[in-house]
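Next come two complexes, and both contain chain A; in the first it sits with chain B, in the second with chain C.
After this line comes the complex of A and B, so read on.
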């Protein structure tokens, strides 16, 4: 028995080694470099370390004073919490409803579909066709229903830019989490429900007393994925506004990109580039992710159910 | 369970780290390609040698700012074909990078990647690459392919040659380091039919005349001015240039004290936009226009004026058809302004070369093909602008060609209203004034406040 354990351990080491090695070389090393870089004022991404000037925590202090960073951070928090709530409520809703439908496979594929389309194309679709204030889908749809006030919402105006972006982003995300949730639901043995039915439990009781507790593990993973996505929110922010830098839709990752590679339209302001501050944003995001991970592990406790 | 935990942690961290991968440095790569430079010299210049049999060999790597299916790419492919035919021993490796090339070449060159020619807006390249650019004086003084009695410099539009020189001077470099092509000018574009119907006899030369023209247009039932989110900043930045000159604009957006925003001319600029909003000169759709909605409004005959570059008529030609009556005029002067009407953002894209090229002769030779008359005529035929002397621009931008020839001083793209602070604070707040969500007074107050807190 002890020998088995020993062998097993050997196998684990053997199988883990390549991953760990790759991780150390391609991920840990750049991470350490990024953390290192965040303490320096760096003119150019490729400038040699000898030309960096040490500024200590100044990059971080400056960040807290940078209104763009503050706004961008608020933006991703709104996506994380408000958007997250919307996405998970809808994902659960569709998962539960589809579970009982005969055309389940078709709708599952249809709702998942936005995930296989590049966000750049989705942004064009949303801004040019759905949100368009002249002939957009929302305008015609609400107009046809006679809901004039809803039809008149200027979705693509600066005031609505963030809401529009969040709706578009969340719409595409629902399918992804719905598929995860449906898979988790499928795994729960049917006898539990049959038993509950016999005892006279209603749909709500079954959902909250059986379904939800039994998929806690998977739910935690799904929430973790969502948080990672929200914190590293980049592409949508980058392409949703004309300049790519509208504070209404700005995210920290996008701001980081701008600081590292220079202004989005020109590089005339090369002298303003401080790659170190961009690195500081990266580190901040990294810390945020770790924090979220820790919090989720504490909040959603680990209980093991065998089924 | 423990292993599961470790795995989960590892995977999560892997995901996070993914975002950092882009920050890693490129290790310098030594290219294996070498050119026998001695043989090259013995044969005299590459040009002469080519008459009989080209002595050039090796590989030239070109990173293009065009995507493969763009008309420009097709034209340049033609030039490369001609070059390869004349120099059968040289292989041109083209990577159609698209506009993203400007973000890619700097780390590539500084990192020592094999890269000989690239193209981009040269302004940013001069500032960020400087000494890493190959000096092209030899190319400028060598005979042109289309007319060997002239030097290459003589076949390129003088304003472009002058512009390139001024760019080099700006970063304290001596000589020429880029060959400008695909020239553009930033001007007002307008529908000549609308002007005629509104009874406007001549194009506005002052802000007051523009005001009067807008009033007539409005009375005639047109929406005088439109814009979309991609170009929100343009009109305002040019007003600022005409008011305080673009050098001062650069100082304005990098002022940490916020005091520059008290300058009466700056206040006048934002008040002018508030005034135009109140008079209803901006199309109401300006608030919701997502690019290209604004230019489509002009193309669809709904609005009259749009401030843009000479690429506009080609961009909307599918909507306008060939008979649209395009006109251009340059940005008017403003009351008490220090900027002149002959200040113009013109210029273009430019071919640049890497100083560390290991195949200089072939690189220079290929550049000649890119800017020879044959290639440039192909540009004009495709409805684009040409950089060679005597090649006429398409009818739709004929006014602009005249504006370029009268231009005196070149001002940067966006008249220096650029950078994080400008793009993320100044422009969005200016848009609020333009659509009536905020006042000129609130704008100035916000700028003064944010300029102080904004970390440079």
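After this line comes the complex of A and C, so read on.
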């Protein structure tokens, strides 16, 4: 039996060692290092730690005065709140409608589809076709309906770029949240609704009194995912405008990337390459994630309903 | 059921209307998706001139757009790269995460809670937080040029979700199975690989499906470590086609590129859509 225990111990150590190492090297070390770096002025990525100069909170102070940083945060906040509201309303709406359709499986899959497409390809589909001002879908569609003013909207122009990006991004996201919500709804026992029917409850009462409260845990997870996606918003911001760094569609992660690796077309930023300040942006993103966790856990409390 | 037997009532009309409207919106939404993808597919087989004059396919099927993307824009190379990165990383992460998930599911050991918390929080750490020190570290190790770098990074980034998913799965495998294998004279490690691991296939297939889609579509790390032409992934490659398109105006080839990038995950989705649908919720509903 002693041999058995030893054997078991050996397995635990052998099986856990790789993932513990991966955590230390790939998750913990870089996180600490980035926080550390955010307090230094670091000329470029190749400069050794001995050449960094300590600046305290200066990087953070400078960031608050950087208009691009402020815009980038405004942008992701708009995505988080306005886009999030749209996505969750639509996801709930579709989930409820599909629940009663016979062709549920097909429509569920079709609405989910954008989630499996390479986002770069999605962006190209939207910017080069749907929003195209010469042969685009929206232009032809509104044109055919005689809605000339809608047909004339320059979707990819600077004034519209952010709205267009948000529409395109949210369109693709709806399916994912819809699937989660549908599964959560399936788990609620049918007799709850039957009881409510007997008591004469209407659809709205049933939705707000039964469906929503019983889905709380899953809803919290789903909202957390959405917030994480908004905070880490990068690809769309970078690919949508084509130039890589248009202030209209800029996100903090994208700004950070440009500060570290140098912007392609924006000399203004290339001159100010500052890895330390980039690290500071990373830290603000990390703090945002923690804030989201805390706020969501307070707002959507953890009490469990047994069913 | 009740509604049908009670015949035609005013309340039925009131109920019917929102339902009907809801269905119309769902159908319109899906129709839009189908039209966009269908149009791009047809455009990828037309000439750029036809795209601009709204006369798609007038000169017959232009397969040369596809040939061009392969010859001129090197899409074949990108495709192969993406396949190498994705397949290797998907296998690698299972090899690393499956044994650990098993331990997390079945054993009590010192520090277990710390590991669980650490990996739960790892799912929330922004990639932005990791990229700078990683880039420096990789530079110090002189691995910036190696394709192994991106493979390892994809393995590492996939570990938290894979552990989260598989731990839930391993708890459903009864302990008696391991006991039986041990009595048969297997060592603990051998019992895992020979008996328990094969039983976990359904969970491993599901999680691999998600890892595959995630890694195939990945962008940030590929942008950092696979920007050189010969190492580019399909996503980065497509972006470079877009950039060169802004000079050449070759829309037809661009759309052909989109279709090539789109097809692998689309086909995977058609075959596995039910598994993917139940899989998404398997992870998040439990969590």
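Here is the rule we go by: the second predicted complex is superposed on the first by the 274 of 307 C-alpha atoms of A that agree within 3 Å, B and C clash if a C-alpha of one lies under 4 Å from a C-alpha of the other, contacts with A are read in each partner's own complex, and residues count from 1 in each chain.
Simple rule for what comes next: a residue touches a chain if its C-beta (ideal position, glycine included) is under 8 Å from a C-beta of that chain, and two chains touch if they have at least 3 such contacts.
Predicted, not measured: the structure shown is a model, and the values here were computed from it.
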Superposition on chain A - do chain B and chain C clash or fit: clash
Touching partner for A:282 - first (chain B), second (chain C), both, neither: both
Partner chain in contact with A:27 - chain B first, chain C second, else both or neither: both
Partner chain in contact with A:232 - chain B first, chain C second, else both or neither: both
Chain B versus chain C as contact partner of A:159, first or second or both or neither: first
Touched partner set for A:46, first chain B, second chain C, both or neither: both
Partner chain in contact with A:245 - chain B first, chain C second, else both or neither: first
First, second, both or neither for A:14, with chain B first and chain C second: second
Which of chain B and chain C A:79 touches, first, second, both or neither: neither
Which superposed partner A:138 touches (first chain B, second chain C, both, neither): neither
Segment of chain C that clashes with chain B, given the candidates 131-139, 185-193, 203-211 or 257-265: 131-139
Residues of chain A that lie at the interface with chain B and also at the interface with chain C: 12, 19-20, 23, 26-28, 30-31, 33-34, 37, 45-46, 128, 134, 221, 228, 232, 234, 242, 253, 260-261, 279, 282, 285-286, 289-290, 293
Residue ranges of chain B touching chain A (in the complex, touch as defined): 1, 3, 8-10, 12-26, 102-103, 106-107, 110-111, 121, 123-125, 127-128, 228-233, 254, 285, 287-291, 293, 412-414, 416, 418-420, 423-425, 427-428, 431-432, 435, 437, 450, 453-456
Chain A-touching residues of chain C, taken from the complex the two chains share: 19, 22-23, 25-27, 29-30, 32-37, 39-40, 43, 51-52, 54, 96-97, 99-100, 102-103, 107, 109, 115, 118-119, 122, 124-137, 139, 153, 155-157, 159, 163, 182, 187-189, 192, 213, 216-217, 219-220, 223-224, 234-236, 238-239, 242-243, 246, 251, 254-255, 257-258, 261-262, 265-266, 268-269, 273-274, 276-278, 280-281, 284-285, 287
Of all residues in chain A, those that touch chain C in their complex: 4, 7-8, 10-12, 14-16, 18-20, 22-23, 26-31, 33-34, 37, 45-46, 93-94, 96-98, 100-101, 105, 107-114, 116-121, 124-125, 128-130, 134-135, 137, 140, 176, 179-180, 183-184, 187, 218, 221-222, 225, 228, 231-232, 234-235, 238-239, 242, 252-253, 256-257, 260-261, 275, 278-279, 281-283, 285-286, 289-290, 293
Touching residues on chain A, where the partner in the complex is chain B: 12, 19-20, 23, 26-28, 30-31, 33-34, 37, 44-47, 62-63, 65-68, 127-128, 131-134, 154-159, 221, 224, 228, 232, 234, 241-243, 245-248, 250, 253, 255, 258-272, 277, 279, 282, 285-286, 289-290, 293, 304
